[in-house]
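You will see two complexes here that share chain A, one where it goes with chain B and one where it goes with chain C.
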Partner chain A sequence: MRSLPLITSLAWRNLWRNKRRTMVILFAMVLGVWAMIVTAAFMRGMAIQMLDDTVNNLTGHIQIHHKNYLDDPVIENSFFGNDTALLNTLKLPDIIHWSSRIRVPAVISSERETRGVVLLAIEPEAEANISFLKNAITEGQYFSSNDENGIIIGKKLAQNLETRLGKRVVVMSQNTKNEIADSGYRISGIYDTSGEGMETDFIFITKRAAEQLLDSTGLSSEIAVITRSLDTVLSVQKNLAAKNPELDIQDWSSLQPYTKLVVEMYSDFQYVWHLIVFLAMSFGIINTLLMTIYERTREFGLFQALGLKPGFILVQVWTEALFMLTIALFIGNFVSWLTVMTTGDGIDVSAFSQGMELAQMSNIIPFVILFEDLLLANIIVIALGLLTSLYPAWKASQLVPADAITRI
Partner chain B sequence: MPQRAMLILLILLSLSLSAPVQAESAKQLIRQAIDNYRGITSYSEATMTIHRPDWERVMSMQAWTEGLDKSLVRITAPKKDKNGGTLLIADKMWSYAPKINRVIKIPASMSNQSWMGSDFSNNDIARADDIIDNYTHRIIDSRLQDRVKIFTIESVPHENAPVVWGKEIVTVTEDHVFLRHEFYDQDNILIKTLTADEIKLIDGKRISLRQRMQKNGRDNEWTEFYTTLIKFNIKHDKNTFTLANLRNPG
Partner chain C sequence: MNTTLNFAWRNIWRHPRRTILTMLAIAFGAALLVFSIGLQLGQYDLMIKGSISIYQGLLQVQKKGYLDEPKIRNDIKDIQNLARTIRDKTGIKSITARANGFALVSSEQRSYGTLITGVEPEYEKLVSSIPGTIKEGRYLLSDDSHEVIIGKSLANNLRIKTGDELTLMGSGRDGSIAATILPVSGIYDSGSKELDRNLIQIPIKTFQEVFSMGNAGHALIFYHDEIKKEHFFRQQLQQLIADNNQLLTLSWDQLQPGIKQAIELDYSSGWFMYLVLVAIITLSILNTFLMSVLERSREFGIMLALGYKPFNIAKLVMLEALILTFFALTLGTLAGLAINVYFAVYGLTFEGMEEIAQMYNMSATLHPQITFESILIGPLVIFIFTILSALYPAMKIRHLQPVEAMRKI
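Up next is the complex of A and B:
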């Protein structure tokens, strides 16, 4: 232990003996660390954004349906959304917003085209709190009250129908008496989302307008619930399900298993990505260390001849590696932080926007650095770095003094 | 069927009798006209020609109607389509395809699709009965031609009417023969026109034998419906307008 200052100063000086080589390997390692952290942040951002979008895109955290609704989403499979007993169960401190909707298949026609869509009848005020619609209106206006008789459709659907704001369209669906119900509506708003699938699939009218069309007074197809945070979703869902056994109550992860899968995949893929980057990095580390040892063979022989134990040499080379790793991590973390800070909202991938829209992702993906991700990257680099540098260090300690001294 | 469309238009024409232009009385007159036609039955034979720039297709068919609510159309030629048909009862529509031996109820989602590949949509053929309540009718022009008074009526759908058109303009004679039906979009651009000519006196009624649906701006694409035989006030079999009859031509 008394030799610690000696070891560290020897290691430090040796590190800077060949400045250019050290700088090159440091650069490579910084690049590796940067790639690990920034990629992790990017994937985290993508996953979080995707989850946000899913929750925003009408899913909410929890949904309440009639038992048969998800199998057969028609108006018959609806429930009394105004039922006081049901509404009382929604009065939980963890539930911050909820909104009741009618959601049925429908057909929309303009003068030139007809499309199959999903008709959503919403309560404008409640819906504004929980879904994307209000903020996505690019032309016209969101419903100001439940009495409005307009219709809000997606931008892409408006294009497909060759219609526009202020024009009338005809919506057809099935009413509670099993008859065809149809009515004309004037387009009062057009929304634009990052996912084109949304735009062509969903049309919106007020719940009161739907009650006239479908003869569905008091009925709801679904209630979407937003909880205080993602962590409380499961407990709220269990609570609601226990109190309303006759209804089907599910959380986002079972309603949108694809999103759940992707979020988990992104998280797990980090490990794989870190290992790939580290593998590339480790060859650089081993190579550099082997090189320095090769250059200093005579020196190590001399050390040993003068009485230094092999263990000392091992620790000294190892310390050198540790310094290198620490510096690389320090700079790497800093550069990553700088990258994330300077990109602000995230990076703009609008060059690939068509593909991104197909995958229902936004054009701007934010970087999200989680402390656990940062820790993971750093631990991997330090731990595996020391492990790989063990081989050159051990090799240096195994030199036979007599051979080493005589080697040129 | 255009036959049915024709009947509806015949009704519209009765507006023409109502020289007073007030909407209320016009509406009442249409209602009376519908009541007039409620009892009428007919049997007709016709050919339908679907014309496209590079091909043309001719079908022959028979049609039975009873009032405005019931009609049955059956194809007699070409051979590959023989016995196929369409049955209309009120606003419900069924189609029979002999090749697969199935009767298919035409869902609302297909109502704007073409009827048997023609320029008529299922909607053109099936929906006509809401004509009283869904529109505001107005006589915009009347003139005398060959000693027959001809009226031009503009029908504008109500705000919440399940009608996609911006307006429809119908030209009819005073004795209930329609000559022209134009469909406009909401920017007042003409989308398609149904024209009728070859007006003949049959069973004491003047009717047009030839009707043509033409999409605006596509001169080489049209569907023409030519009535070769028509008889009114026929007594139909009880089971004429049934799914069984649609499926098993007697």
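Up next is the complex of A and C:
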């Protein structure tokens, strides 16, 4: 251990013997580290954004349905959403919001056109806490109370129906008596989302208005629940499912398996990407170290002739590699941080908006750097970096003094 | 020239280990690019084929404005005749007429709103894969038979089977109520949940009758499996409909811009990653080339003193880089190609692929594309970068002074 200061100062000086070479390899490594972190942050951002959108777009964290509802989403398969026993089970500290809805297939007609849609009957106040609707209204108003008799439809649907704010539309759906019921509503609000799919699919009325249309007093098709955080979703879901065995209670990951899959796949892809980037860097690291050793052959021979152990040489070359890796990581992390800071809200990919919609993603992808992702990239670089530089370091320690000194 | 080549070859193998490592770096990059570009292009092909073959076709003729506002009144008059004329003039059978509307579809127990399409059964079979996915019963018989086919998910939701009757209710072209009762003759399972849930088909003449359409329809669908010939077919179609300036030919990427954009987004993010990799590899190579020039200062000094021109030495250095890169690229490309051929034969799939594939109506097994583009584009990019990185040390040689250079170690 006495030789530690000697090793470090030797390694440090050797690193800067050929400045240009060291700079070139450092640049390559910084680029690699940057690519690792920024790509991971982008994918993380995509995944988180997608999850947020999924939760916001009516899914919530957990949904409660009648056992048959998901297979056969009609008013017949609904439950008593006002049931005190059920509502009591929702009084958990981890549940922050919930909203009860009726959600049934319907047909909407203007004077000119007809479309198939999903009719959502909501409790305005509760719904405002958990889904996108209130903030997406661009014309007219959100429902101010459950007594309102207006209808809120999407911008694209309004276009397709050739109708506008203030006009009347007719909604038809099957009521609890299995008859087709219809009722006229005045368009009181128009919402605009980044994807047109939402806009053409969902129309909203108040739950009380639906009770008249569908004869569904007291009934709910679903209750959407938002928990305190993503980590508590599973425990809350289990808790609710155990207390309400007659109902179907699922969390977002089983309701939206595609979202879950993509989120997981992005996480897994990180490992693959990091390894590929590292492999690309490793050739450069080994080669550069081998070159520095090659030109110092005489020197290493001399060291050994002077009595320094091969182990000393190995550790010295290794320390050089460690310095190089550390500097690259330091700058790489800093540059990544700078990149993320300067992009603000994220990368605007709205040029691909319809493609993003197809993939169920939104138009602005924020960079999200998670500590665990940062740690992963850094550990991979330092651990694998030291592993690969073991080879040139070992090579250096194996030189035979007499041979080495005589070489030019 | 022969001497130079000889020189270059020997110089490359002066440091076999360094040369091999450098070649491996290049070969690794080339193999990776060949493999993943092939895989990407193969996947895009599947996505496009999936999206055009199931229902939308390669090209469509519509009335101007129908794409943005698919209203029942934006129609094409005498559409079956038009389809027949185009089929006769081009000799291509895979062209069919369709009419689209919306209706509330009711069984005894359930009602759903869906898209309803009037089709020419005989030609629809050549244009869309839906008729081939009938799981129960049979497809529609003729242009004017009174029957309906329906997707599996919708059939489940409506709780009906073949032979049951469906009530359709919507509004006709003139605003009148369009209503009819038709027996279900077949249930299809296209693999796309969205279509299965939202689309039912009836014969076109029946449609025109129910929706008071006269002889009009909304689109001519053209299918061909060679996506690359799209432009050629499009011009042909455009010529045939030129006398009606209300009509428009649309290609698959206009009909389904989402697919096109998803592909573009994926391709550009793919290239971001490739370029980063190529840059990292190039920098490592730059170091090798730089060193191989700097360590030979003495030698170059002697060569200069013997009367070699700096230009010739630079040429030698470039030749070395060229040879090294060429062999490395060949090696890497062959390796990447071998992987692609393997997966092209046996297919590549991974966990979760099935769910994702369904979003794009494609099969869950990927087959990398093996074309000139997929094989050569990656190595070509690496080649350009490598040669650029070899230029820098070669340029340095111009400034060498014989006497000084010889003194250097």
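The working rule: the second predicted complex is superposed on the first by the 408 of 408 C-alpha atoms of A that agree within 3 Å, B and C clash if a C-alpha of one lies under 4 Å from a C-alpha of the other, contacts with A are read in each partner's own complex, and residues count from 1 in each chain.
Here is the rule we go by: contacts are C-beta pairs under 8 Å (C-beta built on N, C-alpha and C of every residue); 3 or more make two chains touch, one makes a residue touch a chain.
The model shown is predicted, which means the values in this text are computed figures rather than measured ones.
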Chain B and chain C placed together on chain A: clash or fit? clash
*Look at A:E127 in the shared chain and tell me whether it touches chain B only, chain C only, both, or neither; answer first, second, both or neither.*
neither
- Task: Answer with first, second, both or neither: which of chain B and chain C does A:D251 touch in the superposed model?
- Result: neither
First (chain B), second (chain C), both or neither touched by A:L31
second
Of chain B and chain C, the partner touching more residues of chain A is C
So, A:D373: does it touch chain B (first), chain C (second), both, or neither?
neither
**Message:** Contact-wise, after the overlay, does A:I180 reach chain B, chain C, both or neither (first, second, both, neither)?
**Reply:** both
Which partner chains sit in contact with A:N149 here, chain B, chain C, both or neither? Use first/second/both/neither.
first
* Name the contact category of A:R112: first (chain B only), second (chain C only), both, or neither. => both
Margin query: With both complexes overlaid on chain A, does A:K167 touch chain B (first), chain C (second), both or neither?
Written below: first
Only one listed stretch of chain B (91-99, 145-153 or 199-207) runs into chain C, and it is 91-99
Residues on chain A touched by both chain B and chain C 107, 109, 111-114, 116, 172-174, 180
Listed in rising order, chain A residues that touch chain B in their complex are 107, 109-114, 116, 149, 163, 167-170, 172-174, 180, 182-186
Listed in rising order, the residues of chain A that touch chain C in the complex are 20-21, 24-25, 27-28, 31-32, 35, 39, 71-74, 105-109, 111-117, 159-160, 162, 172-174, 178, 180, 257-258, 261-262, 264-265, 273, 276-277, 279-281, 283-288, 290-291, 294-295, 349, 351-360, 408
In the complex, the residues of chain C that touch chain A are 15, 17-18, 21-22, 24-25, 28-29, 32, 69-73, 101-104, 106, 109-115, 156-157, 159, 170-171, 175, 198, 257-265, 273, 276-277, 279-281, 283-288, 290-291, 295, 352, 355-356, 359-360, 409
Residue set of chain B touching chain A in the complex reads 91, 108-109, 111-113, 157-166, 183, 185-186, 191
